[in-house]
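Think of it as A, B, C, D, E and F in the order they're written, each chain with its own count starting at 1.
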Amino acid sequence: MPTIIVYLREGRTEDQKREFVRSVTEACRQIFGSPPDSVNIVIQDVPATNLGKAGRLRSEGSAS
Amino acid sequence: MPTIIVYLREGRTEDQKREFVRSVTEACRQIFGSPPDSVNIVIQDVPATNLGKAGRLRSEGSAS
Amino acid sequence: MPTIIVYLREGRTEDQKREFVRSVTEACRQIFGSPPDSVNIVIQDVPATNLGKAGRLRSEGSAS
Amino acid sequence: MPTIIVYLREGRTEDQKREFVRSVTEACRQIFGSPPDSVNIVIQDVPATNLGKAGRLRSEGSAS
Amino acid sequence: MPTIIVYLREGRTEDQKREFVRSVTEACRQIFGSPPDSVNIVIQDVPATNLGKAGRLRSEGSAS
Amino acid sequence: MPTIIVYLREGRTEDQKREFVRSVTEACRQIFGSPPDSVNIVIQDVPATNLGKAGRLRSEGSAS
């Protein structure tokens, strides 16, 4: 059952996403006992212009 | 009020989305009594490289 | 694959939710050709105090 | 149209939520020109045991 | 902690998004006392063909 | 930056959630190079009556 929505800053490679899906699914199996095929992961690539932190867009760089 | 976020594998046509929105809104009306204009649906097209199932990316095809 | 997150105003019965899941899954099958066991639906019950529309909480009733 | 899902640490009052909905809806109107009744806000109260930051649950307090 | 997911109709400018992030973060600070760097905002640009309201896609224009 | 929303079937313990947050944050660090304090995880506990799979509520048990 675990359904996981992952918002990532744009730019990650397919290999990174493959490794992340493998790792998180394994964590679900080990920790929650979830059968791997019950783990659904949706990755959303988000551009820096669409990410806000501390009142600024990531595309602006950090304030400090 | 029903607000519905739909993650779909990339590639569905506008006609399919139109039909799906019509059908889900009608289900909300019939089942929950929701006025149609209170039903908000957001569709997110997701590439196969961003979908994880059973520990693999959909772009890898299924394990079996 | 369709993963669907549904935010509903608190108070719907289990029967209503069962009927809604059945109906939306059937819409996915008919319209997108999704195998029923690939359709994941997560319902979130939301109290009126947590729903904002037109700048007001639903618990306040509509402005008009 | 703006549909906004807000995850808040559990414990905010109804007054705070009312003020937040009013303020965010006004920001949508002023900045995006959205008619207020097109702005949908869903607030999700999340207990500290369900919030992870820097690898720890909020219920554990921060590491430092 | 506030984590806010914002679904916006596609077409908003970076300036509008910057102003919106600034304004919503300030509302979190004033209303909830959230430190600005604890406020995470994710904006999702959604095409009109992926937005359903009152049983129609936004790309179809309103029924009335 | 990774912001992760996790929908879990109700009933997991705080220890399981702690371990899961630790494990997923570590995966973000190793795979994406994300600083741990940039990883935000929100867990949503979902009752079986609110989970739909293969057209049925989880509270109904599987069809087979």
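As a working rule, a residue touches a chain if its C-beta (ideal position, glycine included) is under 8 Å from a C-beta of that chain, and two chains touch if they have at least 3 such contacts.
No experiment lies behind these values; they were computed from the predicted model shown.
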>> Touching both subunit E and subunit F, which chains are there?
In response: A, D
> Where the contacts of subunit D and subunit E overlap, which chains show up?
Replying inline: B, F
>> Quick check on subunit A against subunit E: do more than half of the interface residue numbers occur in both copies, making it same, or fewer, making it different?
In response: different
> From the centre of subunit F, which chain's CA centre is farthest?
Replying inline: E
> Can you tell me the C-alpha superposition angle of subunit B onto subunit C, nearest 5°?
Replying inline: 180
> Any idea whether A-F or A-C has more C-beta pairs in contact?
Replying inline: A-F
>> Which chain has its C-alpha centroid farthest away from the centroid of subunit B?
In response: D
> Cα centroid separation between subunit C and subunit F, in whole Å?
Replying inline: 19
> Touching two or more other chains, which residues of subunit A qualify?
Replying inline: 3, 5, 7, 20, 24, 40, 42, 44, 46, 51, 53
>> Please list each pair of chains that are touching.
In response: A-B, A-C, A-E, A-F, B-C, B-D, B-E, C-D, C-F, D-E, D-F, E-F
>> Could you list, by residue number, the parts of subunit C that touch subunit B in their complex?
In response: 1-9, 12, 16, 19-20, 23-24, 27-28, 31-32, 46, 51, 53, 58
> Inside the complex, what are the residues of subunit B that reach subunit E?
Replying inline: 4-5, 14, 17-18, 20-22, 24-26, 36-37, 39-45
>> Please output the residues of subunit D touching subunit F within their complex, sorted ascending.
In response: 7, 44, 46, 49-57, 59-60
> How about subunit E: which of its residues touch subunit F in the complex?
Replying inline: 3, 5, 40, 42
